[in-house]
């Protein structure tokens, strides 16, 4: 199983701080698509992803037990 | 073994960010006395101690593997 | 050395040597909104030698809630932010040389300013300008510090050419419809928190303590008591068009920029994003209503009006900003909504 | 509702209802130094109804490096900090009712101010005053927010009577010789970071979102890129003399306070800490030299002089502050060195 954490407004959209999912074997891009569809999150494609607190590119493969965080870049200033 | 973390000026006094020690069986107060003497740290008795990121009183017994942090209260403002 | 910086020279990582370095440096602050005014104040108080501040807006009432250099009088006089900032900063520290530029921070303008600049601090409100700062940073080998906030959330990342990944490695493209302060709101503490991170990184770079520069992207949510560091060593993309082996600096190129045109005789500026996209008109309508706009719409477009602001947004991101011929002001309004 | 707070009411956890609550509240800020001036500015911009600020010092040149409400003119005029803060805050937000008190924040003075206060924000530079704030908080059931910083390090903890442990649970006694800004130095970003945490907590309490209040003590080091949260649920001491079952509020008691006496005919104030202790005279000598003092000493005492400041410190913590009959100023100098 994998823990998926949402940050900033993604958390409001998901309605939860985190969810548990079976994501091992998926790439980051595939997980983004899956989560966007199943949890009704818009604009997840432009969010940054971290695996175990380290930046992960879209092609990266997720392993069993990895913790994935989605952090949306924000623009205000 | 136990990891002992130093914060703020305690780190300057210890000359290290952290040290590894055998501390299980000691109370927090006993560990403070031991560390103060062996690492030349002044005023450790007034520092707050956390075990595994949770505040620990002086009487608390340390267990194998616990991570202990010493955080000195500061006064500036 | 005067007594003025004594509490800072007492800090061993700065010391008197570091203070002399700070005094000899020149920082470009892009934007004089919440982050820009705060960053400028901290650096002016710290004794920076020279500050260049560029901003295209004037002080508005809704800025006062979080933009720390400005007063009610600045609003009454409709002072440009850069000018109002300079006046206050000179009262705070008359030893600092301050250049205030009122206008749009286009890639050309920024490249023209960069001469002896040692560091750029991002205090802008949109990713188009950030990507241009990022390309200039790579092309001229000048570090910059990304910072942004919305609601109770914020983030910061320090980019050192040749050492860290760059913003284009992380984002690959300008993210459209990031939340902005005009759509998600913003609280003062989140601004202060980003300023704390940006100015700490700035001081490290100014005293040339590069080993201390934060290697991770920090993000936080002060209302939810979150604080996360994302390690960035693996983010560097060797094929990145901004910092890779064959850089093209794409955001210095006209093709990747917002297109603007003044529509003759109509007192209107047309804005077209560089790449077509799909705006969620329903969400935008809700955001604009919350801001106090009167909004009308249909499936193809949305028109909004509040006091002197009046504009139309189409589904592909194109917009008509009515009642102005000033391109910088029109872009400002657009980017405050779309990021 | 005016446009002024629109970006704050857009933030869903505040909204218009929260904004009305903020407007109806009264905050006491103890101290108008670095933390006090920053906290006051953020809350004034956020639209707090009433602020009471108490401080015993006047604006000095070495304050300008980090104390955000003050200017070179305030230094030239030697304005009391509370008065200078009020003047600037009124230009920032004329809707806020501000009471500025120039004097020492003794337990009696604070107890007299507490009437309709909803929240106290610690912006002081010494633990004696913090322990008194803590006892007043427990006795009158008013939350307070501890904040402190030195060098690039800082911490904050929110104390809600009946819910969280109190400062006396954590510290048991006034820690002597904590590092202060006068002995360890201080950088502006560390100040901003503490302010970010204190004002975020303040807004949560003011809008009565108590579930969001941070349950842990935060500490950070911006130069070393550290950020730690220490959970506090187990820190509550049922026998605590401030918040336990049989509270005695020891720090409202004369016996636990610094003793001061004006020495007749000698233009000198004597200060004696409540409990004898041993001052490390050698370390103190180094600190004072670094601050610019001319220091002489022997194994029993140390004398230090810089412009109008002249004092003697004995090994047991007693001190003679020469050249003044003003007890508040003498205590201020003493506590800036000993915390």
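By letter and in written order, the chains are A, B, C and D; residue numbering begins at 1 in each of them.
Rule of thumb we're sticking to: a residue touches a chain if its C-beta (ideal position, glycine included) is under 8 Å from a C-beta of that chain, and two chains touch if they have at least 3 such contacts.
Protein names from UniProt, one per chain: A, B = Molybdopterin synthase sulfur carrier subunit; C, D = Thiamine biosynthesis protein MoeB.
Small disclaimer: the values here were computed from a predicted structure and weren't measured.
Participant: Touching both chain B and chain D, which chains are there?
Facilitator: none
Participant: Hey, how far is the Cα centre of chain C from the one of chain D, in Å?
Facilitator: 33
Participant: Report the inter-chain centroid distance for chain A and chain D in whole angstrom, where each centroid is the mean of the CA atoms.
Facilitator: A distance of 41 Å separates the two centres.
Participant: What whole-Å value do you get for the distance between chain A and chain C if each is reduced to the mean of its CA atoms?
Facilitator: 26
Participant: On chain C, where are the residues touching two or more other chains?
Facilitator: 12, 151, 181, 184, 186, 224, 229, in rising order.
Participant: What is the complete set of touching chain pairs?
Facilitator: Applying the touch criterion to every chain pair yields A-C, B-D, C-D.
Participant: Considering the complex alone, what residue numbers of chain A touch chain C?
Facilitator: These residues of chain A touch chain C: 7-9, 11, 17, 42-43, 46, 48, 50, 53-57, 69, 71-77.
Participant: For a test of understanding, state which residues of chain C touch chain D in their complex under the given definition.
Facilitator: Residues in contact with chain D: 2-14, 38, 41-42, 45-47, 60-62, 64-66, 68, 70-73, 91-94, 151-152, 181-190, 192-193, 195-197, 199-200, 203-204, 209, 212, 214-216, 222-225, 227, 229, 290-292.
Participant: Quick check on the complex: what are the chain D residues that touch chain B?
Facilitator: 31, 33-36, 122-127, 147-151, 153-155, 165, 170-171, 173, 175-181, 184, 186, 194, 217, 219, 221, 224, 226, 228-235, 237, 280, 283, 339
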